[in-house]
């Protein structure tokens, strides 16, 4: 009940501000008009195609980013030399805004799915990589030494010591990456024009259809809430064995 | 004087209710050292948290010097079992002891004297600027005791303070507590699951039943005030008292099985 | 280990490059060329959608698909890299591209000004209660344009210049067209150079147009054009010729059938139906007006948007 | 020292050399040889340019980041300390977090105009979330025993904030701040893509639009360098602020 009161309050505020004339309702329509626009959109097939396109780009991008991030993270994390030698490069590449890669993306993939994927993967990859590196660094030296004393092979050490320790961190990374991937998917579509919710937002914007634009923005927000809920649920299910789901939140 | 009368505590979660304490009544006189002992899971910590004002009771009352305890009362200090978690890791040993005094608005020179006296009393000279996590477990618990002592409480609550330190340190700390008690004349309520410890330290021992908890037995420890690890523990009277407490606890375990009330 | 990583990087890059080359160049299957055109989803490109519906491209064995990109920054690289075979861009951008030796070439007219003050699809608008009465009054004001150092600011300066004001005193600020109605209404800018449909939104809210910059810049100004890469122009002149014919036919048809244009807008924009019926449509002449392009080049050179270079019209125009 | 320098620089130098050699004969208009980019870098990022474009960007970045930090930590502590507030606020926060900042720009413009305030708010609106959500988690994770100890010793009100909540949540707050830093740089670029007349993001976009591709690439390198320098500074600050945390972790691992 309480959980809904916050959203209800927000909705009320969004309705009242324009109604009371505090902001011009031409440029920030009241919530009821946005909801009506949303209902109108939801009746069109194009809207669902756009949602589908965005989610497809999100999912594929996330899978690629996670696979690469986990592989690279375990590799770099497990070999100390690699770690020291790559640290500066990672710090250099990580903050390069994915939006700066837009020309490169268009050059390689035009305005297709590939462009969106490039930006999504680039942004999400670092989230996973950094978390995996944190996780690998957290391995208990005692556990590591125990494994060595029993003459575990390198693979077995990765499998039975390193991986279980890093797993909660990996999940945190996945959750962060899932959120960032959605933001980037919509941004890429918005700026480049690749098919998806973002490009529909851009069309609504350039057509001056402000209520529709706001409705679509609301949809991206709701998708974000849903993705976050799903990720948390999955994490809780899969990591219930772990005494404390450690690590970091949000991104 | 510390009075606990008809104390009852029920934990409510969404699905069920658990009665941790059914009915506890006892008093601790000023300057007395009373040990509370009971089987594991009997609600000792709940009792202590209620006395400390950290937890509101479901029924009954706790009174300190005639005033009902509704929140942490001034003049009461607590030493917790988890020394590693009760010290501020971001503050030095000195600041850990100093901070509560600053909150009490003790003037600066007096504070300096109290902190250094307390640290000397627990044998921690020269560690003032260290961080707690740089010390061993026993030393960390000494810091917690020093903090309580420097606070100059009229009542000191100790919640299984030595459960997580090694046996030798534990013996030293037990003697330390008795020495401090005798020197400062403070009222101490000492909760433990260790029967030997309870008998060795206390003037009086309260034996609690299993949960939901009531007072199972109460006995006076008629050992001489000067106690030491070697002779006191070898004393026949000590052994007899110890046996009696042990029997009571066994009886307590058998008498009242765990009951959870479904709502 | 590091070698492995390098190998991985190379592999990823190679994969990306392969993905790039595979989609470059038009696919020909059964004599029909599949052609992608990078367009901005605005009123200006209605003829190509209309021409597609009418079959002007199909009859020339061109299977058309429109890729909507948000502006020239996306469309030009797309055309240069072969992701799109053709693109739509305003002429000032194409002139800038030419001075930087971007390998592109215009193939057909895109959209043109109506040439009539009071009835053009773009102009400089102010709020109803603004003290600015005419183009001269714009001197010293803060004016919104969608892109700095491009067709908007150079033509607005010309309007002010012709009216006797000092264009150097104007401060331009970059705001997307869609946000201009709000920016004008809230007084964040003194005036905005704005095109349809945002222009109609401003006038509907009581705003006035004080300068018709396209009209002032040159008679019958060609604003934008369709272009291709020099590579495609050299490799496949037949396709370029067919595309040019088809788009030219589309432009002519659109010019003659404004009602069908308004209907076509519904297929790729979300412009309000009422607005769709009333907004001012641009002209769609079949030919690029060279003299007007020269005028744009001169204006741009005067404002220094080409740097030290000066555009060579013979290289960029068909 | 020299060894550390070598390990820091080895891979970047190798990669740059690789790029240099691989792009030597590039004829692609959009991927010019690194040589050309480096020449453009020298010509472009002169002192006046740095002052005219990088400084304003840094100013907005600093303002936005600090504001986000204050807001995020402040709200985060309030929300983290109150169960009811948390339940009501969480869905709203998650919602706003998921809205991509570029689509918020027009909405923010309606309220905040087109000046520096708008850009700062765009930066705040994007990078406040990791700080806020991490602070909430950090406050919730403050040790229960420590919290009890504080109450028992009468450490309440401001002192509770100063000595218990803030330092207790600090490791997570700092994690949030670190995540927010790289976000802030991205948002700085995004905010300068609209209604700007100077700034790093603005300049890069202008280069891109005017087909000055080597200059554009040099701008991206500047962004990377900026990010690198800021994250190094951050690391120094973190060592200082979280000395106790790292020390304790080390101590726990040894024992």
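Every chain is named by a letter (A, B, C and D) in the order it is written, and numbering of its residues begins at 1.
Operating definition for what follows: contacts are C-beta pairs under 8 Å (C-beta built on N, C-alpha and C of every residue); 3 or more make two chains touch, one makes a residue touch a chain.
Values in this document were obtained by computation on a predicted structure and should not be read as measured data.
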| item | value |
| --- | --- |
| Any chain that touches chain D and chain B | none |
| Higher-contact pair (C-beta pairs counted), C-D versus A-D | A-D |
| Chain separated most widely from chain A, comparing mean CA positions | B |
| Rounded Å distance between chain C and chain D, as computed from the means of their C-alpha atoms | 36 |
| CA centroid of chain A to CA centroid of chain D, Å | 17 |
| Where chain A and chain B are represented by their mean Cα positions, the distance between them in whole Å | 49 |
| Geometric centre distance via CA averages, chain C-chain B, whole Å | 80 |
| Multi-chain contact residues (two or more partners), chain A | 24, 27, 85, 103, 107, 190-191, 205 |
| Sequence positions of chain B contacting 2 or more other chains | none |
| Chain C: positions in contact with at least two other chains | 2, 73, 77, 80-81, 176, 178, 182, 186 |
| Touch-based graph of the chains, sorted into line, ring, star, complete or other | other |
| Chain-to-chain touches, reported pairwise for every pair that qualifies | A-C, A-D, B-D, C-D |
| For the chain D and chain C complex, residues of the former touching the latter | 11, 18, 28-30, 106, 109-110, 113-114, 194-197, 205-206, 208-212 |
| In the complex with chain B, residue positions of chain D that touch it | 143-146, 148-149, 151-156, 159, 163-164, 167-168, 170, 244-245, 247-248, 251-252 |
| Residues of chain C defined as touching chain A within the complex | 1-2, 4-5, 16-17, 19-20, 23, 36, 38, 40-42, 67-70, 73-74, 77-78, 80-81, 83-84, 176-178, 181-182, 185-186, 197-198, 201, 205, 268-272, 275 |
| Residues on chain B engaged by chain D in the complex (per definition of touch) | 49, 52-54, 71-72, 74, 76-78, 80, 82, 85-91, 99-100, 102-104, 131, 133-134, 147, 151 |
| Of all residues in chain A, those that touch chain C in their complex | 24, 26-27, 72, 75, 79, 81-82, 85, 102-103, 106-112, 114, 118, 190-193, 199, 202-209, 212 |
